[in-house]
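Got a structure here, written out as structure tokens. Questions coming.
The chains carry the letters A, B, C and D, assigned in the order they are written, with residues numbered from 1 in each.
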Amino acid sequence: MTFPAPLTGVVPPVCTPLTPDREVDVVSLVRLIDHLMDAGVHGLFVLGSTSEVAYLTDAQRRLVVETAAGHVAGRLPVLAGAIDMTTPRVLDHARAARAAGADAVVVTAPFYTRTHPAEIARHFRLVAAGAGLPVFAYDLPASVHTKLHSELVLSLAAEGVLAGLKDSSGDLGSFRAVVTGARDLPGAGGFTALTGSEVVVDAALALGAHGVVPGLANVDPAGYVRLYDLCAAGDAEGARAEQERLCELFGMVGVGDPARMGGSSSALGAFKAALFLRGIIACPATAEPQVPLSEGEVERVGKYLAGAGLL
Amino acid sequence: MTFPAPLTGVVPPVCTPLTPDREVDVVSLVRLIDHLMDAGVHGLFVLGSTSEVAYLTDAQRRLVVETAAGHVAGRLPVLAGAIDMTTPRVLDHARAARAAGADAVVVTAPFYTRTHPAEIARHFRLVAAGAGLPVFAYDLPASVHTKLHSELVLSLAAEGVLAGLKDSSGDLGSFRAVVTGARDLPGAGGFTALTGSEVVVDAALALGAHGVVPGLANVDPAGYVRLYDLCAAGDAEGARAEQERLCELFGMVGVGDPARMGGSSSALGAFKAALFLRGIIACPATAEPQVPLSEGEVERVGKYLAGAGLL
Amino acid sequence: MTFPAPLTGVVPPVCTPLTPDREVDVVSLVRLIDHLMDAGVHGLFVLGSTSEVAYLTDAQRRLVVETAAGHVAGRLPVLAGAIDMTTPRVLDHARAARAAGADAVVVTAPFYTRTHPAEIARHFRLVAAGAGLPVFAYDLPASVHTKLHSELVLSLAAEGVLAGLKDSSGDLGSFRAVVTGARDLPGAGGFTALTGSEVVVDAALALGAHGVVPGLANVDPAGYVRLYDLCAAGDAEGARAEQERLCELFGMVGVGDPARMGGSSSALGAFKAALFLRGIIACPATAEPQVPLSEGEVERVGKYLAGAGLL
Amino acid sequence: MTFPAPLTGVVPPVCTPLTPDREVDVVSLVRLIDHLMDAGVHGLFVLGSTSEVAYLTDAQRRLVVETAAGHVAGRLPVLAGAIDMTTPRVLDHARAARAAGADAVVVTAPFYTRTHPAEIARHFRLVAAGAGLPVFAYDLPASVHTKLHSELVLSLAAEGVLAGLKDSSGDLGSFRAVVTGARDLPGAGGFTALTGSEVVVDAALALGAHGVVPGLANVDPAGYVRLYDLCAAGDAEGARAEQERLCELFGMVGVGDPARMGGSSSALGAFKAALFLRGIIACPATAEPQVPLSEGEVERVGKYLAGAGLL
């Protein structure tokens, strides 16, 4: 497919359903993709943080991209995370994603290593030169421990290195600097700015974001499509109301007991429990070494769903 | 081989020589290993941070372990890093390392993801259960962004999950808590405590460390063997003098201009430049996206070597 | 005065003009306050970060509050920062601010010390009990190294401990949780949520913020009042355009050379240079140990002002 | 007094006994100082972190220095912390400490503000020029969120700005760089390097530290004097045994339940409970907003004391 420039709309970071043995559950993954497409989403992002990419082996990553790209069959753009520590390893993932049918790759700055801004720029240039696909920068300081500064993103965009940004930094001011700065890029209009927020999607769209990549869209894709449409129609009040409803639903990420588990176990556990309770995936297991939700915690997820009319 | 319990002595984290095209330079790697063994080191640690493990592809990692294990052929224990974000990915590396001939694996806490102490414990338990080799915990908060607390290390050691600790935290107080606590473990004496420091090796050995894993030992393995022997002989004054000489040599890690590169480019660049200048490896290249040292910076490395009588 | 509940509108964090000898320049401070009031601001926040509170001695802090409260004379509410490491020291500042005529105090979580959420809650309770003035929580993780979680803020608001929040965390999602959660508080409508952002003021107001505390409002108070009015009138397009103009002007905070100075020297230096160039304060000096802007950097501030039609 | 250059020996950071109303308990403070002097300590450091300096009001700080300096009356050097966010505020504290009789001041880098190395250097230069007393740099990254690099410390020492360093960074390698580098300073031998560690005092002294400032020396000053003497006598084995005994006693800092309190409440609470149980201070209260130890936690402190033969 010709990759849309810019890519607009709702692009859920697709959860990776697992079997009780922690293998990729291909049937559930296909069912989840159908659930998302039926709700009218505009693209799919596989192998992101919400997809538990950090936990998937190379074989599992390949299977996820093949399954998604094969099932979507060009009806929507499929972006794939190529998440690893440094350039050579990212390039291996990017080539595998391309071979498996991805339409674009999403890449963070190097992590685990000590990085310098000049090395980050070099990293993206080398990845773009070798990936054979459009490259989106993935700004996720909570994981990467480096913030991608707006100047760096814009200068790499101006060079043609970056096709877009997926911003999960939580820093809307810096995201705005990219959004407004991108208007003046050569070949204007081609650069895509996506927010990874679940809770300020209305604000991000109002200031010019092209699209949104909320993990919660796995659970309620129709809600985010509705929110996107309200924003596109300029209905600020309606958008705010829908966003606030989704914020309430998003409360489910906190069901896990912080004395027993980390934020990832709680949030991804809740999304998967919700998909399981809604009958979309066959098993709510998360990857190792994440801790499973207790029965009571799953019940609380159910209450969030019921409150949102999703059960 | 029967893995020594505890492992004692100097166990250099072996640099990974690269060709100008950034492929593993097997001939140089073998020459480097001979250089280390000739100096009398007591073990080898491949695929650690100093080995640029974060930059090596899976194929390159395999080649490094095969080369090292094959060449050493049981004369020394070969530990291999199995460095990745989470349990399933670490297990893939651990199994590959085992198949390639490693005698033990060295494993960090999960990174990139948000981790909870209970999840870290679960991670090490699952890795130990699946690796088929002794597991060393690798405490490297600068990369992992989590500190392995001494209580956790000791309790996993007591369970038989951990065979040892490689401490690169810089926190000698916490390391001491492991060293002294390990004396009371069941099957006492089996647990190995290694320090990754270059500059307080004498202190670490004085308080009971079994061995040392200094990156600088690539450049001056004989110096660290001498230091180890002086400590073993109880010659505190002699050890201090040798350690101070090595501290001065270690200054080379700062040759890189911080306006142009990160600490990794500077430190690993200096080690490799030193090995190149000493005629041990054929090319001083570091992996992408690290920035190469300038000519003037390489000259400064040469001055450090000359000052230490190593040129 | 009866403190407004909620407080709405533009509440600039007032710069503290200094003489070349680094004493408070009272005449310039009065002129600056007039400049702000003439532009129609709705309140004043003295002794905040933009006021260089961290650099002012106790005597200088007192003089600033006395000057501001005396000159304003009840025409507007005057909030004063009571910024120090722990409860007893904050209480001393709060009492001094009250004696000097402040209408409310703004207080961070403890810093420098290692804090626990329970200790933070205890801190705010004790300050509220002893201050004799309404207490605003000041969320500034860049300085305090702790984030005030929305649940904590809301629960302290429900107890009557907090009158409001000044959010400078940059995390609009968390701020939204306070704004929407505050609607359900007992005595609803009394709690004040203020954003400290310069660059997403339109977004913060759209999601329900009561007021805005942008440091840049020292330089262009009329711009922020205009922006507030556009938002209040529901003119999203007009608000966005005005906000984008202010974002461009805000670029001045980056004029300082990062090789020579920190972010505070650059940003506060730029604000003061702008006030000096606009003829509002007599001297652009910042407090020690901040580094002054160079002549060329001041010229660049001038270009920002000219570009915004403010020179 | 002529301040010793270098200052050597055990210099406890003196706890600040409080009454149940959280006023300075002068009688207990004098008794504590006598307890320390009777044990043979070589200096006193008041208003450090262990003294709860961050919690004491200016009036309380003054009272502590006056009490200590008055009671010591020149028999030992008295160092006083001058702990605040920036230069002007630190200078106020330094002058107050001097007026109250302190012999030297101990000063951190600026905190709360965003600092640049050049600003940190400027800060120490201005403090040294205005304090009228020898200035020790206090390296405490856990509180200050900046590490004082050895190069900076040494260059300020060479300028005559710094009389010494109190290192509580936990980074013994960096401390060693200061210790060895200080030997080559002009007027060699004058610069004092003190470690704030409780648990690697033997190691710090072995590598050349002049003195030690362990908080635990409030509880067992005789133990640290013994340890210092063993190190001075070159009895490495004896020193190690004494240090390990003190490490075990130091375990008391962990008695506080981390679900209920922070590290400061636990550690300082334990020291004060121990002093109370030993009959040296009249009340174990810590300053607000710290959380008090429970009865059971105090009992555990008692067991640590009993185990060390101190009850």
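Please note the rule applied: a contact is a pair of C-beta atoms (placed from the backbone, for glycine too) under 8 Å apart; a residue touches a chain by one contact, two chains touch by 3 or more.
As the structure is a prediction and not an experimental result, all values here were calculated from the model.
Visitor: By that same contact rule, can you tell me which chains touch subunit B and subunit D alike?
Guide: The common neighbours do not exist; no chain touches both.
Visitor: How would you label the subunit A and subunit B contact, same or different, if same means the shared numbers make up over half of all numbers there?
Guide: Result for this pair: same.
Visitor: Averaged over CA atoms, how far is the centre of subunit B from the centre of subunit C? Could you give it in whole Å?
Guide: So the centre of subunit B lies 49 Å away from the centre of subunit C.
Visitor: At what distance in angstrom does the C-alpha mean of subunit D lie from that of subunit C?
Guide: So the centre of subunit C lies 35 Å away from the centre of subunit D.
Visitor: Let me know each pair of chains that touch one another.
Guide: A-B, A-C, B-D, C-D
Visitor: Residues of subunit A touching subunit B in their complex?
Guide: Residues 22, 54-58, 60, 83, 85-89, 92, 110-116, 118-120, 122-123, 126, 142-145, 258, 260-265, 287-291 of subunit A touch subunit B in their complex.
Visitor: Considering only the defined contacts, which subunit C positions touch subunit A in the complex?
Guide: Residue positions touching the partner: 170-173, 176-177, 180, 197-200, 202-203, 206-207, 234, 236, 240, 243-244, 247.
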